[in-house]
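Supplied in structure tokens, the structure appears directly below.
Chains here go by letter, A, B and C, matching the order in which they are written, and residues are numbered from 1 within each.
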């Protein structure tokens, strides 16, 4: 038999097994039929019975193509998940070889790499305009699945892999070359070893929010945090057979089915979750979280689909060009250029756009990117503010801007000079007074009766405005009314006696009097005991969490949560004072669906950061607890990671002081983005901070984790947080931190 | 003393004796005298203690429970519920001055009576700064110095300077200033300053220590008084809190090197026999009057002790208020008479009034006669810093006498292993005489007759403070 | 040198230990569905982080607490007559017949191999704060002791006195006392292994691990 027939037969067998794998038992009639035809032909070809083997083979191949096209229309979301995870799917190395003209890997070679799951390469493309050839450099960053090679870890990147990615993003920025990122990850590898999964992702997102080179991201498998670590881009392209999701369908099923350690979710439940999480390319395009879909061949591209790579090349170059063009200043020229580029008939290789940016263009690029993310997902939260309120707010914003900028930019600068002058004048007056009065003072000293003053002072009651001492709490946990005892979780190792509830939840502020373990308290406790009484002004309370994906049964759950927590969303934003220091606070409440963050919470967080920036107040994120991104909101949730981080970055760069305080349990998305990026993060004692909980770690890595793996003390030792506070000392500690970090006027660096 | 009409209401109560050893025995005896049933508790280590034997022999139904620890309030509450107790007597130590415990007893779903002052009073007088300020507001003398925590270094320095100058004015040769953490207690975070120039560094050290240890950098600055006698005033009041009476004064100046009392004497001074460099009678009258004034002012509603120090110049200063029955209440009771009747039992008075009975007498009905001293017999080595001795007691005997009251949980003539978990007190011996000379003689006679021997696990003989007590008997009430 | 084979044979001759589970404090006891003959598990998991099987629930002041099996074993007696009753602290509840585990055998043999530092008096013992911190943050093996080093606090009669370690220099290999537990004079506090003998100990452990089969 002919060698090339053998090769093509092998290819068909691969395609057949691919179909079988992708559909996992569905459409067995088609696969059986294909298999019969294939075996039949193979038999004939082998025995030499076939007269025209090439023609027959072509028929079989056509049949395969036909069936593939037909089946492509039936693909369910879960089938697509299986496609992107299939070893036969193309990988980043295939892209490097087929999309770019040349490349050098700079992030390690094969298994000899800091993290083989993260691939980094300097690549070039060559374009020609007329006879002139242009070489353009790109930094390519992405997860490498290596067609199932075990050392690639399926593209699940370890914290140091993401750190490597960040390092080369910064290199690209220095060199002024664009970045192409390719997202092939089921999620980040959830270990807390330095630099820590969450902490590193937060750093990546924060940095990407201000990177001054064009970034284009291509999503094949976009698994939550792992995807966001390299996903904050000017243009986000998505492959038609990829998925982009807040969590793997299996993970969602485990949460939906409330599965405990080791239990497996049923395939039906997983399908159900995949279907309702809206993870496909069309969904995400509709929501606006990706800018364009790149069409793949039927049943998804594989390394031999060279046509696909050609179109991918066109798309990424076009996207890069568009980003560059959109930073141009002249609107007319910009429009013309964009129109030409967007025309699908244009051969991108025949055009040449310089990718280097001027200083002003860089600023415009970053600004556009930030604005783009800030605009996202607003529709997914229910804004119940009355129309008038909204209009009034906007109007006030507009009115107050000049005043605020006068007050802070002009007045404060000159105020210092005025007060210095006044001080000097006062000094002079005091000096004159002292001289004038000295004879009288001398006379008074000689008068008798002075001795008794000492005894008087030392033995009689002094005046004392009792402040901090024996301070009473403004709010007591309602649990203090229940006559029962509680066992401290540390009693085994520290010998703590059982605590009486009425003592524990009132006077002790939920702190074990023996070992100092902190029992969780209600969010209200903090609101009323940390800040000055009566200083709380809540805003945007009408922005409500909803069910933007119409996730089955979830609307009821959200309604129930609203009633239980007596709040409209899991994020309360308010202005407050501590000893008359004003600040804006965003509080994620662990009592509202675990403190998960969805579109409404993100919206309020972004608004709070903007308000803090406008009013020149410090911004405190108090995390009473957060379980992560609200999975039932799908990508509406996950987009809050880059979005809120952008908001925080804008606030910090405007000179703001952003502080984070973690309490109880803080995990996953929020920690890995807008919380973890703060330069000043503190934790309350007995809190846990991490990326994924023990169950998820066991599920994804197979490792058992030690019992104290997520304790805040480990986060402190690792450098994630800057300090651990006693709950009863939060108020003085915040005040001290504000005064020492925030300096004189608490806002400007 | 107990008015017979209300005996029936008393008998409806049942008291949880939340203590061990000698005081538990005294409480149970007082209950028996009043006809009130009781429940005692003990721990595994303490099974051989006298209070367990007494409860087993004389207590009624559900009168003895083994608990995991005397320190665990939950155990006591749980036992009280099972035994249907209606009141809790904390004795001294353990929960006696724990306002949270008192509050829990009074506020839990199945409410009980805490036999002691109400929890708010315990809290108020348990706070030294608060007590000092209260005293000053009533013009009761306190140790010269600050009566509020000082946070400001300049102010601290100024106060220290004033205290130094104040002492110089009074002719004190080596003035001393004490700097202590205001949130501290139990002798922690206290330092002396003898030189004004040294003050700043000491102040900073104490302040930093306080900040680390108690999360509050306030300090108190006081005069350090070196040469003084330690006096106490015994107060008794009923739940109305309106008519407190006193049961005289005690002198507790003979103490171990660790400032633990070893001999207590009632009354506090005997100016009719001994010469003092100051008007001792006036001092006694004054501290009694001051104590009553404060008790009345706070509405003090049970037994308590006002602790005073009296300087060689005869200036009394209030130190603190002990809101509990004290170990040495027996010496005061021994010399007191109510309407001419002796046999006063302050613990019975405490229980009776604690359960709501009125006092039934006034200060005029109380008279005093004679002198009484109390020895605390302890297995310890006075030569070696009063280190407790641990081992087995083989013989414990003494000559009985009508003027001697022996309070002990240690069995006579039976071997007894001293438990290591608790105070090393073995017995209290209360000796009475018509005057100080007779009391002293009887005290010596008692100590001479005492046989106390034992061996530790290395075969060494028992060490006790017998010789120390004997040597110091001569000194009592001299100042 | 110790004859490990002989020691192992001795232990193999009587490989069981009787464990009496007592009420840790007073309260109302409710037994789990257990009966004599049942097999129960002690704490499990790599760090013994999963508690043992529940034998009973002890409720005090509306705080129900599980009473768990301290070790694997077979239940030989349940005081079912106490079910629903108020019990005092220390009341026997369940008796377990426990076959010695590898670790226990190892510990028994270690006790004969290591240098044992004994409690001089009946008292409660604690590590000094520095040592305690080290042990809590990693494990006992990280603490090196020297002759004359202040290592313990001995607490009795409400007095705390420092206690100095005497014996060969080495690492703390085993800790034999628990927090807040009263020890009799002569009870071992720690087992110390001189640095040079660590390999002997490791060989011994390997032998026990291979020769002792757990059921």
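The rule we apply is simple: a contact is a pair of C-beta atoms (placed from the backbone, for glycine too) under 8 Å apart; a residue touches a chain by one contact, two chains touch by 3 or more.
Quantities reported herein were computed from a predicted structural model and do not represent experimental measurements.
Any chain that touches chain A and also touches chain B is listed here: C.
Taking A-C and B-C together, the chain pair joined by more C-beta contacts is B-C. For this pair, chain A with chain B, the centres built from the Cα atoms lie 63 Å apart.
Remark: chain A and chain C have CA centroids separated by 46 Å (rounded to whole angstrom). Chain C has its Cα centroid 41 Å from the Cα centroid of chain B.
Residue positions 72, 74 of chain B each touch two or more of the other chains. In chain C, the positions touching at least two other chains are 60-61, 63. Across the assembly, chain A contributes 483, 485, 498, 500 as residues in contact with two or more other chains. Across the complex, chain A is touched by residues 45-47, 49, 60-63, 65, 136, 179-180 of chain C.
Those residues of chain B that touch chain C in the complex are listed here as 43-45, 65-68, 72, 74-75, 77-79, 82, 387-388, 390, 420-424, 457. If you check the complex, the residues on chain C that touch chain B are 24-27, 60-61, 63, 86, 88-90, 121-124, 156-159, 182, 185.
Residue ranges of chain A in contact with chain C, taken from their complex: 482-487, 493-495, 498, 500, 704, 706-707. Those residues of chain B that touch chain A in the complex are listed here as 69, 71-74, 100, 103-104, 107-109, 127, 129, 133, 136-137, 139, 141-142, 144-149, 159, 162-163, 165-166, 169, 182-183, 215-216, 218, 223.
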